[in-house]
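Below are two complexes that have subunit A in common, paired first with subunit B and then with subunit C.
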Partner chain A sequence: MVRLNNLCKTYGTTKAIEDISFEVNENEIFGLIGPDGAGKTTIMQIVATLLVPDSGIAEVCGMEVNANFKALRKHIGYMPGKFSLYPDLSIEENIEFFAALFGTTVQENYHLVSDIYSQIEPFKDRPAGKLSGGMKQKLALSCALIHKPKLLILDEPTTGVDAVSRKEFWGMLKNLQKKGISILVSTPYMDEAALCDRVALMQSGKILQIDTPQAVVNSFNEVLYAVTSDKVYKMKEYLKHSNYCKNVHLFGQEVHVTLNTGVIDNVVTELKNTGFSNVEIKPINPTVEDCFMKLMVQ
Partner chain B sequence: MKTYLSLVKKEFHHILRDKRTMLILFGIPVALMLLFGFVITNEIKTIGIAVLDQSNDYTTNQIVDRLESSCYFVVKQRISNYGQLESVFKSGAAKLAIVFEQQFDYNLQRNRKANVQIIADASDANFANLSVSYATAVIRGYINDKNVQKSGMLQIVPEVRMAYNPELKGVYFFVPGIMALILMLISALMTSVSIVREKEYGSMDVLLVSPVRPVEILLGKVTPYILLSFINAFVIVVLGWSVFGLPVAGSLFLLFFECFLFISLALSLGILISTIADSQMVAMFVSAVGLMLPTILLSGFIFPIENMPLILQWFCNIMPPKYFIIILKHIMLMGNGLKEVWKETLILLSMNLFFILLAIKKFKIRR
Partner chain C sequence: MRIILIFLKKEFAQIFRNKMMLPIIFVIPLVQLLILVNAATMEMKSIRMVIVDNDLSMASRRLASHFLASKFFVIDNYMSSAIQAQQLMQDGKADVVLCINRDFEKQLLNESSAKVQATFNAINGMVAGIASSYIQAIMADYQAELIQSGRYNRPVSIGVAGTNVAPAQLNIQHRFWYNPELNYKCFMVPGVLVVLVTLVGMFLAGLNLVREKEIGTIEQINVTPVKKYQFIAGKLIPFWILALIELGVGLTIGKLIFDIPIEGSLFLLFAIAAIYLVIVLSIGLFVATITETQQQAMFIMFFVMIICIMMSGIFTSVETMPNWAQMVNHLNPAYYFMRVIRMILLKGSGFKDLLFEISCMGIYAVAMLTLAVRKYKKAVA
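== the complex of A and B ==
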């Protein structure tokens, strides 16, 4: 569906993306995972025909993006990072406008968006600017879908949306996938990575790893421990400067560490001696975020 | 076509739902028109004068009467010596002082020459100039009348007629200028701001990734403004006629055709501005400084181009409003037709083509 080959894009002297290559298969949810400034948006805009790369080749639906952007625009649904509908138009006016923009009508493709749109339809006369974050997102998704695109490009669709709406949103994406739509989605939330079919972990314009979320987790070929105590932050600093920990990261109320071999028993005693109480250490299964942190350090 | 119509409909929604936009669109033209017509005026009405009459005889009294009955002057104060003059000017009661020498009448009869001094408060130079010439004219008129009564002396009386604007009404030459200003404001400023707003909101990205052609996006964007500009041009003409009694001497059809030329020129300038501006603030600033100021200062609207330094005159020559104002004056005041303004029309037309092409070329189909 999407094939990127050695894409590079530079803004002034900053390299936004460097040597990006990956493929998105037909009917796949592909996630670009990474922090702000990793280059996710740049890649999305190139795929969405909005940006021209400095070098490299991007293909969508088997067509080179640059040369065929006009033909491609019919088949792409793009939802930019920030809410980009018209706040002064009502829900209904927005979706009708976007349908007309693509030469179709709401009635014609209603079946595609019905699951999503029916949730906001009771408020169809309300101006889009007065909607809650979750409703805005549903409207934006409906508008991006109304012309029955083959590829849906979603730039950080869940940023600024509450946890319940986020979960709901991913449910909607899974449903769309069943209807045969390929999805390229970006997110800074690592926990959402597990919901994609495949992910590309990105940092500073480069791809660190591309694989299924499970394979990414499996590639974490060390034992990961979660350490807790009464003073978590202090303990993290302490562990960081100790000589027997390799990776040390703070995860909420836990510190995730990988250890040199054979030191596990010493750690607890040493922490207790240093003045930390309620110290517990247990092996855990790594998440995508752990993998990302580990890759980042390397 | 359907896409285009929905773009136009959407744009109308934006305009009609935003109170500020509506105010700019319909409040400003009327306000400007009334302001320029009533308040900011070059005409002279009831100027306060001070009279220092050291002779106080029949003739001087008659002259003062004449001045007062001309409607231009009101005697605010009679003073008895030069020393008081300063305080009268400073208090602002009088802008002009008329000083008659001693034995004015006697000198006039005897020596056929008497002196009257006119002292003006020239802190406002234009005003001083105008009021002095008005006063001189009134006094000269009085003497002339007197000469005629007395004998059949030979005399040459220049009879001045102010053609096309016999009463020297300010509105007559403000209306074309205001028309240019308002059409520029609505077409260029509003369009550029509304395009840049979409860039700011990010909705332009969504428009761009749709299969709609850029020309359609632009046409959909400007169509409502063309319509609204026309309504405004119409309102101005009607206001000028009904409130200020300014007729349109020439063809209305030609007038609106020229308006259309100027509107589309301003619109393409607005689109050009939107391609370089990234925020609404910048768009507004560039439109104001780059378009509005030249329309006011360098178009002959307020300051005559002929009196400018040569370099500024060249600069004026590339200002579209200059030609538009010339055309308007020809059509509205002189009743001329295309025969007299074809040169200016041609200039506007070619500027139009140039800027439309440039705007379309510059309008980014991508980010």
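== the complex of A and C ==
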């Protein structure tokens, strides 16, 4: 569905992306995972025909993007990271406008958006600018889908959306996948990576790893420990400078560490002697985020 | 075409949903016309004059009474000392000081020639110039009276230093064509209409486009198969129509309230306004393509508009500008439209008379539109 080959794009002296190559298969949910500034949006814009790369080749639906952008736009549904529908037009006017631009009608493709659009349809006369975050997102998705695209490009669709709506949103994506739509989605939330078929972990314009979420987790070939105590932040700082630990990262109320072999007892004793109380350490299963943190350090 | 119609429907829906739009269309022209036309008048009605009469003769009083009778001068001070009078001017309490010499009458009788001195406060050069011409007119009046009265059997001349020239009785009658009463409003109303049309054309369309950039909707449009020209047409046409309506509203107000003459063809006026609008809309669009925010766009457009309007001859005549300014004005679209609208309304000029202006504007419109569209393509492709 999408094939990228050695894409590079530079803004001034900053390299936004460097040597990016990956493929998105037919009917796959492919996730670009990485922090802000990793280059996710740049890749999305190139695939969405909005940006011309400095070098490299991008192909969508078997067509080279730069040469065929006019034809491709009929097959691509793009939802930018920032809500960008007309705030002074109503829900209904927005979706009808975009349907009309693609030469179709809301009725014609209603089946495709029905389970999303039906949720906001009761408010169809409300201006889009006055909707809640979750409703805006549903409207934007409906507008991106209304012309029955083959490829859906979603740039950080869940940023700034509450946890419940996020979960619901991923449910919708899974449903769309069942209807035969390929999805390229980006997100800074590592927990969402597990919901993709395959992910590319990105950092500073480069891809660190591409694989299924499970394979990414499996590639974490060390034992990961979660350490807790009463002073988590201080303990993290302490562990960072100790000789026992290789990787130390703060995860909420826990510190995730990988250790040199055979030192686990020493760590606990040392922490207790240094004055940390309620110290607990237990092995855990790594998440995509742990893998990402580890790759980042390397 | 279908796509353009979809855009027009959307734009008009947005325009009329905007609560500022009705005031913009109807209140702004009314307020601008009422304020600017009434305030920015160049008729001087109350020039403050101080008369220093050192002669205190019949002739000098007669002269003073001529000024008193004029509605243009307000004389609240008679002084006997020129120094005191200068002080009044220094304090900003007088615009003109008229000094009549001690021997005014005697000179008139004996030499048939006398001088009076007028000093102007020229901080505002325009006021000084106008006051000067009023004074000369009144002096000429007075001179005519002297000659008629026959009291002075020799030729009389005042205000001009000189010898006795045989009196050639030349009587100049002024007639002001196209604006016989020198009604300043007939001059200003068309000028304000140009400002209005420029404002609506340049600002509304340009800002509308930058707004799409600002809120990001332009990205969403760019991923649709919509062609550039369709999008631009969708942006230009609504404001083009709106500005023409605005011109109609302004003309109606001008006719109803100020009773301005409409000598020429209104159809021709609107046709030329349509061309002019293509120019200013394109300028607005061009500015929109090179800016990122409404604030930036606003500043640049404001800058452009002030220069265009001030240079166009709205207040001051273009012919009195220095040569280089007149040359530069050929690049000023408002200059052409300002000429055209006055010529059509006041003079009743027809298509043939305006051929030069129309061709210039036509070329300008095509060039500017091409430039804007090309620049726009580059900016987003």
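Here are a few things to note about the model shown:
Here, the second predicted complex is superposed on the first by the 298 of 298 C-alpha atoms of A that agree within 3 Å, B and C clash if a C-alpha of one lies under 4 Å from a C-alpha of the other, contacts with A are read in each partner's own complex, and residues count from 1 in each chain.
The rule is short, and it goes like this: contacts are C-beta pairs under 8 Å (C-beta built on N, C-alpha and C of every residue); 3 or more make two chains touch, one makes a residue touch a chain.
Because the structure is predicted, anything quoted here is derived from the model rather than measured.
Aligning the two structures on subunit A places subunit B and subunit C in clashing positions. Once the two complexes are overlaid on the shared chain, A:Y244 sits clear of subunit B and of subunit C alike.
Of the two partner chains, neither subunit B nor subunit C is touched by A:Y110. Shared-chain residue A:L50: touches subunit B and subunit C both. By the touch criterion stated above, A:S84 is placed in contact with subunit B and with subunit C alike. Comparing the two interfaces of subunit A, the one with subunit B and the one with subunit C have residues 48-50, 52, 70, 73-74, 76, 78, 80, 82-89, 93, 97-98, 100-103, 143 in common. Listed in rising order, the residues of subunit C touching subunit A in the complex are 3, 6, 10, 13-14, 17-18, 215-226, 381.
Touching subunit C in their complex are the following residues of subunit A: 48-50, 52, 70, 73-74, 76, 78, 80, 82-89, 93, 97-98, 100-103, 143.
Residues 2-3, 5-7, 9-10, 13-14, 17-18, 201-203, 205-212, 365-367 of subunit B are the ones touching subunit A in the complex. Residues 45, 48-52, 69-70, 73-74, 76, 78, 80-89, 93, 96-98, 100-103, 143 of subunit A are the ones that touch subunit B when the two sit in their complex.
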